Amino acid sequence: MNTNFQRILDEIYEETLPLLGQGKVASYIPALAEVNPAQYGIAIQTLSGEAYQVGDANTPFSIQSISKVFTLTMVFGRVGEALWSRVGREPSGNAFNSLVQLETENGIPRNPFINAGALVCTDHLVSLASDPLLNIRNFVRELSNNPGVNFDESVASSERQTGFRNAALINLMKSFGNIENDVDEVLNIYFHQCALMMNCHDLARAFLFLANQGVNPWDHTRILTPSQAKRVNALMQVCGLYDDSGEFAFTVGLPGKSGVGGGIVAIIPNQLSICVWSPELNSRGTSLIGMKALELFTTKTGVSIF
Amino acid sequence: MNTNFQRILDEIYEETLPLLGQGKVASYIPALAEVNPAQYGIAIQTLSGEAYQVGDANTPFSIQSISKVFTLTMVFGRVGEALWSRVGREPSGNAFNSLVQLETENGIPRNPFINAGALVCTDHLVSLASDPLLNIRNFVRELSNNPGVNFDESVASSERQTGFRNAALINLMKSFGNIENDVDEVLNIYFHQCALMMNCHDLARAFLFLANQGVNPWDHTRILTPSQAKRVNALMQVCGLYDDSGEFAFTVGLPGKSGVGGGIVAIIPNQLSICVWSPELNSRGTSLIGMKALELFTTKTGVSIF
Amino acid sequence: MNTNFQRILDEIYEETLPLLGQGKVASYIPALAEVNPAQYGIAIQTLSGEAYQVGDANTPFSIQSISKVFTLTMVFGRVGEALWSRVGREPSGNAFNSLVQLETENGIPRNPFINAGALVCTDHLVSLASDPLLNIRNFVRELSNNPGVNFDESVASSERQTGFRNAALINLMKSFGNIENDVDEVLNIYFHQCALMMNCHDLARAFLFLANQGVNPWDHTRILTPSQAKRVNALMQVCGLYDDSGEFAFTVGLPGKSGVGGGIVAIIPNQLSICVWSPELNSRGTSLIGMKALELFTTKTGVSIF
Amino acid sequence: MNTNFQRILDEIYEETLPLLGQGKVASYIPALAEVNPAQYGIAIQTLSGEAYQVGDANTPFSIQSISKVFTLTMVFGRVGEALWSRVGREPSGNAFNSLVQLETENGIPRNPFINAGALVCTDHLVSLASDPLLNIRNFVRELSNNPGVNFDESVASSERQTGFRNAALINLMKSFGNIENDVDEVLNIYFHQCALMMNCHDLARAFLFLANQGVNPWDHTRILTPSQAKRVNALMQVCGLYDDSGEFAFTVGLPGKSGVGGGIVAIIPNQLSICVWSPELNSRGTSLIGMKALELFTTKTGVSIF
């Protein structure tokens, strides 16, 4: 592998900067719509301890759906294979917040990365933890090795006021018996996890355990078994980018997870994790520049899992 | 990697043989229904030239949908990115022969591995080749390094007499303008490619170019560019096993392609290809023993792309 | 028309009584599941002032979806054609509480008799009335000429505790901007209107204005214009019995409305209204005996709108 | 009823003529696309023997889906209730040529007036008749009392060359076992029945048996039992105008059947039949002027089945 990462990041940044203005910032909640669209950063964290960056890599942003990897990990690590009786492991082939699939498949979401599946994970967590919010926050702080990570209450509150589709999803699942707790309580936790504020470095560090066979590289605690870590990576590969999952596998070829805040995190097993952030989204809700930057990264470094 | 492949194959064979009888042979055409269900073989072909096998690895079987990788490769190699205006690269989230998706997405199939997408590839080939059948046969003979590979006319004829759903798919796409040639002609080629007879060794050899950056290891001709080869692997990873694609990624973690004849081929980039054949299928149309054997293979060898 | 209604009702009763035990009482809420399934009554009310009955025609039951005709009438009478920008007038072709149609058609329900469409009417009413519950109760008391009609709070409360699918529907519509008021408030009114307790005579009287060109026969007030009354009848004809609408038109041939409490009301324009109640439902949620009784009624009297 | 029909027809004609140019002639086959859009006629035929007309009521046009009433009648009259095991009686809630419903309901079309259901009727007829084409032609000649009615071979041929969606529908049903005969043979008959050329008078006369309790008023032969005739009328009411069925019931309130050639026929039980023809269609494939003319007709005469 070409390890001249700094030069490569600089090249990618220069080549993709002209794409600014071609996407659209998420507008469904005020707190996201007000983000300055011209921000753009990348951070790399290697298992050997090096960190690289370019642009606004130190600016915290709303991680949104990237948080689904954290709650999935928390629940999968505790309940193991039992999780799969309540959520599937197949790509959805539908928009991330579709009710159609859920209705025809009796309230069992296709996978943990569509909203419905993530709500099932959060519901699991509510059943398991005495203080789920504190639990999530501490978990992400440890993974990112940053005790300052926190929720943005204005984002969480904004989500709650407009999250009618998520309320529809969770009520539908509750009607099928696939939600154990009070729907409002689960929604509250869910809206908070989506409102975690992290920067590119935080996220690159926080995903590194998935490139490290499931071990947190910062405190050497085991988060997942090697087999479980591989499986989370496989899930990210197959369904981590909603309707762009196939496109991402095709053009980037790495396991990754996106959020409508404009972040995308990807990992190269046994080597590194990389986080790109640019709030302007393509028509399928993925960071437009983020997609392109990661495609250039694999092209320029020659890395790929295939 | 643990390279004691022969011992591992023997172990896998012994451990999975008790599963015989738990699946069901494909019954939709007589030619497949009559296959002896108790057959089971595995073959490995490494890039360094070694071959391993266990069980009925020399018995030819009907490769069925595995043929879609061959026609995709033939067309992708010739028309390149232009292919993607007529077929998508996203997982389907529906059964492999569903018309629903096709209708709601204006006749553009989700990917080249569902039947509709494969029919588009075959239609492309009919437009490109003067004798498409000869073209396919010769291509597969070269890839498998076996000049004896041929179609089973009784299987092809059997498919033609019962292939009403494929006729529905291609007529629907024709109504959307996404089929260039006569529907009966394209169906005839398609039914023949599915009726190719190959054994586990043939298929392991024929897929090795995908582990070899797109170069045919037998005659050193370039079949696909390295980038194209990676992309075919990514497609197999995300949608090579129909409704079992997520499950396969999750439990096996390799790019692969299955057929209702009971074969599954998978590759480990830069190392090897492996083909398992057992005609008994699970409820989603995948070889039941084949899935388990490949899961054991990655567990025992420790290989995974993740 | 054969006007020997009493003899005909007696015959119908005798011929259909053996069907008791073939259907199933609605079980989704305790308050309905506990109803004695062996109850069965019919009442006829003619425009010329005669009333006929057989069986348990004086026993109040939960009218459930029959209430949708009342709220539709209240709203249609006040807002007129403007209603149709928020709810359609086409049969749904799907189960009465399906989210699929709603999602693909941007939150506009197919018609006012599926749950989603009825929720839109109730939301309209909440916008229009200072005390919607009182408004509904008084309206139904006037139509039925029975000041004793009331809500069953235990049924309303039972609905609220298990009505997750209705919560899903209304949240989905809210996400599309098709609900003006607070979802919990609208749901509360909706669960109450479904919990109205009326007997066969009450309902036969309350529907008579639809056979009377829109004029309440008890106090001669105009409820709807003649044109509006015809149109409500047309809607009942085309979509009043959910997935049994075609079957009901085919075998009965009258405009009607059913509820999962086991009631069905139908009208013969310019002549009469008839209400049958038997709590045992067929597989599509319609009173099994009710359907058969009404088929016999039109056969024996020779009436039909066709 | 106001029986000054001639004055009413003249008024309707004058009031609706300004709508010319607002719709679009069906363009899917050349033979229809070339029709002069400015043609417009109405004919009324009463059971008491009077005929009225305005405009181009003597110009033959392609009856298209109106033919489905004829083949349904032929088959229903011969096989009776047995028909309903292969085709439903419920509104479809989907576009008339949708494959989605057919796929999810195992190849059983929702009703005989969507294309799939009509193909089942035609297949039935192919099983029953030694010369189905001759059989249909003679049947329609007798009903319309016009021995000159014939197929337009250029329309039939045009349909055959572009009817890929109908080919998709019939192949899908064949895959479910719901088509008995060769798909090409059934399609050929179907394309011919749609290509019948009739004028407004022909169609008004040909539908009069449905207003006459099932008896052909021209030769007094019984075509359907009174009960069967009512049921065909009920089906037309609920699903005769595809996605406009609810709208038609709501605004017109009569049983009717439309075709993409621009014709609509409706009946008033025990009184008359009326046919309007204007080739310009609204966005749902119904004659734009035809809909409006029939709405005015029921408004001006005060007739309605409700």
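Letters A, B, C and D mark the chains in the order given here, with residues in each chain numbered from 1 onward.
The criterion applied here is as follows: contacts are C-beta pairs under 8 Å (C-beta built on N, C-alpha and C of every residue); 3 or more make two chains touch, one makes a residue touch a chain.
Please read all numbers here as calculations on a predicted model, not as lab measurements.
K.L.:
What shortest step count links chain B and chain C in the network of chain contacts?
P.N.:
So the least number of steps between the two chains is 2.
K.L.:
What chain lies farthest away from chain A once each centre is taken as the mean of the Cα atoms?
P.N.:
D
K.L.:
On a C-alpha centroid basis, what's the spacing between chain A and chain C, in Å?
P.N.:
About 47 Å, centre to centre.
K.L.:
Between chain C and chain D, tell me the centre distance in angstrom, where each centre is the average of that chain's C-alpha atoms.
P.N.:
32
K.L.:
Return the distance between the CA-based centres of chain A and chain D, expressed in whole Å.
P.N.:
Whole-Å distance between the two chain centres: 55.
K.L.:
Counting only residues that touch at least two other chains, what does the list for chain C look like?
P.N.:
Residues of chain C never touch two or more of the other chains.
K.L.:
Could you list each pair of chains that touch one another?
P.N.:
After working through each pair, the chains in contact turn out to be A-B, A-C, B-D, C-D.
K.L.:
Okay, in this complex, where on chain D does chain B touch?
P.N.:
Going by the criterion above, the answer is residues 98-100, 103-104, 164-165, 167-169, 171-172, 174-175, 183.
K.L.:
Can you list the chain A residues touching chain B in their complex?
P.N.:
Chain A residues touching chain B: 88-94, 101, 110-111, 227, 229-231, 233-235, 237-239, 243-247, 249-251, 253, 255, 269, 299, 304-306.
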